[in-house]
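Each structure below appears as structure tokens.
Shared chain: chain A. Partners: chain B in the first complex, chain C in the second.
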Partner chain A sequence: MANSPIIDTLKKTHILELLKDGKRLDGRSLDQPRELSIDIGVIPKAEGSARARLGDTEVVAGVKVQPERPFPDTGDQGMLMCTAEILPIAHPTAETGPPTPDVVELARVTDRGIRESKMLDMKQLVLEKDKSVIGIFCDNAVTDHDGNLFDVCSYATTAALNSCKLPKYEMKDDAPVKIEGEVSDPPIATLPVSVTMIRIGEHILVDPNMDEWTCLDARITITTNSDGNIVALQKGGSEGFTHEQLTNCAEMSIQVGKKIREIIKTASEGSN
Partner chain B sequence: MTNEKNRHVIPGEVIVSGNYRSEQNTFMEGNKIVSSIIGLSDIRDGNVRVIPLTGGYIPKDDDLVIGKIISHSAMSWQVNINSCYDGMLPASDVFGRDFSSHSDDLTSKLANGDLIVARIVNSDRTRDPLLTISGRELGKIDSGELLQISPSKVPRLIGKRGSMIQMIENATNANVTIGQNGLLVISCEDSNGLIKAINAIELIEEQAHIANLTDKVNEMLESKSE
Partner chain C sequence: MGGRDTDIVLLDENGIRSDGRKVNETRKVSIKAGVLKNANGSAYIEFGDNKILVGVYGPRDVHPKHMSDTNTGILRCRYHMTPFSVGERKNPAPSRREIEISKVIKEALEPAVMLKQFPRTAVDVYMEVLQADGGTRCAALTGASVALADAGIPMRDLVAGCAAGKAADTIILDVNNEEDQAGQADLPVGYMPNLEKVTLLQLDGILTSDEYKKCLEIGIDGCKQVYEIQKKALQDKYFAKGDQNNG
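So, the complex of A and B:
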């Protein structure tokens, strides 16, 4: 956000003091994410939807599906687009208007996690090569902002896509026509899960809340797939990580991601 | 004239009808006086007002507030005072009359995120409220615990002539600075006292609308001290 929140110095000192003993302000351990809950099917008119709540951060994701003309260089693949928006109700500093650079980054990191993990087999989403493909659009709306939007958008998107139903289309006179009442499951190959970690001094913290986020020296978002392989990375903040810290982050993202993937799976199964 | 007992009212509720004057947070409809907010009605000498139980902070002249520096220009700091209006602290208030925007660096005295105890010099809603930190017990806050309560509950926390807050301070040896904007800073050398003071303040915020609050708080402070 352009006018990002400023933490008062008393609280910042408190956070830094506690970190010296390896503690966090809300009592979590350094590698412990906040509690995650996922509700599936919260938007009845969307083809798929999910509400993800991680601590006090909440994101609603909705999936719309419609036939599209493919990009000229990818005529043999479906289309995927993820967007993100921070609603003004999410935080006092959030405003309407064109997206600020960090909201653009949020949308791109979310999109990259889904795309690079090859969560959806895009080749199965072609109606007629070079003419018509199925487009999947996933929009994320942040309704409550208490830090770490990257992960919550990732979980909401993954959960919404995983549980969505694709309408069926057939080609008639070179145009796609929807077959009413027929749906199919999306071609899901893996479940990408992102884990964001920040570095404050020498300490690495998983899933920072807003207060911790405002104190960060560097941050990294690592997305892993169901096999525990790293598929996407995003580094931010004005400082860097040492080699050892990066290795730690990678391992942590795999371990934490595994638990979170189970929560997403359970939520999706519960909805079916 | 009679003092009618305070009553809980909601917006649109008729408080009283007859020959009365409408004051804060009420309006007249015919000869009826109606509340415009959620609060406690207060009828005194023919004047009817409602003491709010919820709501934000509107700056008033001479209020003591606690604010957070959020930005600065060449001539002044911008201060978040937990209100829809941001406070303005002029640089000359800190550097003195010979302040020069060329030679003096504002961040050398107050940086973003610093907390200050300030007094509102002027607030007329046409411009940002003007603050000052020159005065006794005003200025930058270096230590303590910052707490936030609803601004409408500040009078209850202070109590009649400061009775409530004095009781808490005496029982816990804590020093509490209360801003009218709902922010407070508590400093206490004894961590148990600090926790007790915070609990007492949270109790007051939770039960501000209940009668005999003073006795309840007193009971709580005494029970835990054993």
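So, the complex of A and C:
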């Protein structure tokens, strides 16, 4: 990411030196993500919310629900939109202003993981076909940045959507009216979870922190669903992967994703 | 994927696709190098019904100056769709989608381009989609590689692009627009055939682990086919028989 600090050459050399023995600066094994903690319902005014902290990277995701006019070609489906932004409090190099290509990518990869997994059954979110549907918006605010924003946003979004409560609406005179005091659970079909891996030389590292991120040759973010299928993928960085590395990364994302999904599930259950 | 309901039969009982192709067949690809007078390098590519024009300027001075790097040249890419390239007029302002595609194409080309030789300069790659029909990012990437080579920028390899995907429960090569809209998955691949490196990879849609492996395999295979056409485009321009005036 453009907002990575320039770490001194010594640290970088040290990271590369440790990698030769398969070790990492913070003592993790190569396929081990940082500790993940998730708090559900941290923003009561939002219809759903979650704070996800992965190591020292933290994101707050909030879900807002409101009736929308559907797009002409998808009048039989609800609307879903996920965004992400890096707040200026998150890092000394984070700036206000229009989103940089990095941030646009972050938001789009976050959205794609949720959308393509078909996490929510959008057909159940129609108030009146072609006229009014339920719109679900999940916005991610990065509050602390220590690398790997893709995964933290993925976890916060999945946790927030999974635990949100949808207000009920009824159509009166062609307009949706909220029924106060009535809510329902969202139509959740699967829990998508992304796993980001970077390649430094021949080594593949899961969930890089900021220091490791600045050393990456190439990176890949793979999102899997509850069935262990791959639903979205994004390669980045100024180098490539071999065919074999990509096959291994897919397996790794399925394995690691499984554990992460359990953490998100446990957090959701604890909140109910 | 859009997953929109449609009446189109994506794959008939004989395994033939809606545009007459077999499952492992690419669309017709034709590339012409050196089509613009002013650009340092250029290419025109037709990838099925996609029509894309690519111009390369540079290495040249960097504006704004603060973007320049004393250690290396920088690569700047702009993928842009003309308003008339799609069914409904597209707003000419760059969309978030185009910003993202510009970024992934830049990162797909960077491993191939030897920018270290030109510190403090920029190489600008402009890709203009004149007509779009699914798989434009792969087509634009393919054309951009040829245009960079045409500009005489030192390169380690050409980057070829081709998508694989899934439609009608079948793994297919080179997803067209119809298959993208109504299909189940789209996996665009950018590949350097000599260095054997994948430099662009995205996916939307659901694939099992085995399907992913198969898609990746045929995607890379498609890139190798496209690569031959890229080479031919450059040969046609620079090594045409009896023509000493080019290059």
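One rule holds in what follows: the second predicted complex is superposed on the first by the 268 of 272 C-alpha atoms of A that agree within 3 Å, B and C clash if a C-alpha of one lies under 4 Å from a C-alpha of the other, contacts with A are read in each partner's own complex, and residues count from 1 in each chain.
We adopt the following convention: contacts are C-beta pairs under 8 Å (C-beta built on N, C-alpha and C of every residue); 3 or more make two chains touch, one makes a residue touch a chain.
Given the structure is predicted, the values throughout are model-derived calculations rather than measurements.
Novice: Is this a clash or a fit when chain B and chain C both end up on chain A?
Specialist: Superposition result for chain B and chain C: fit.
Novice: When the two structures are overlaid on chain A, which partner does A:Pro101 contact: first (chain B), second (chain C), both, or neither?
Specialist: Only chain C; A:Pro101 stays clear of chain B.
Novice: Anyone got the angle at chain A's C-alpha centre between chain B and chain C, nearest 10 degrees?
Specialist: 100
Novice: Who does A:Lys11 touch here: chain B (first), chain C (second), both, or neither?
Specialist: A:Lys11: touches chain B, not chain C.
Novice: Specify the partner with more touching residues on chain A, choosing between chain B and chain C.
Specialist: Comparing chain B with chain C, the partner touching more chain A residues is C.
Novice: Quick one: classify A:Ile43 as touching chain B (first), chain C (second), both or neither.
Specialist: In the superposed model, A:Ile43 contacts neither chain B nor chain C.
Novice: May I ask you to decide whether A:Thr247 touches chain B, chain C, both, or neither, giving the answer as first, second, both or neither?
Specialist: second
Novice: So after superposition, what is the minimum Cα distance from chain B to chain C, given in Å?
Specialist: Taking the overlay as described at the top, chain B lies 5 Å from chain C at its nearest C-alpha.
Novice: Can you list the residues of chain A that touch chain B in one structure and chain C in the other?
Specialist: No residue of chain A touches both chain B and chain C.
Novice: Which chain C residues qualify as touching chain A in the complex?
Specialist: It is residues 1, 3-4, 96-97, 99-100, 102-104, 107, 110-111, 187, 192, 195-209, 212-213, 216-217, 220 of chain C that touch chain A.
Novice: Write out the stretch or stretches of chain A touching chain C in their complex.
Specialist: Interface residues on the chain A side: 73-74, 101-102, 104-105, 107-108, 112, 115-118, 220, 225, 228-243, 246-247, 250-251, 254.
Novice: Of all residues in chain A, which touch chain B in the complex?
Specialist: 6-12
Novice: Write out the stretch or stretches of chain B touching chain A in their complex.
Specialist: Touch list, chain B to chain A: 68-70, 111-115, 141, 143-146, 185.
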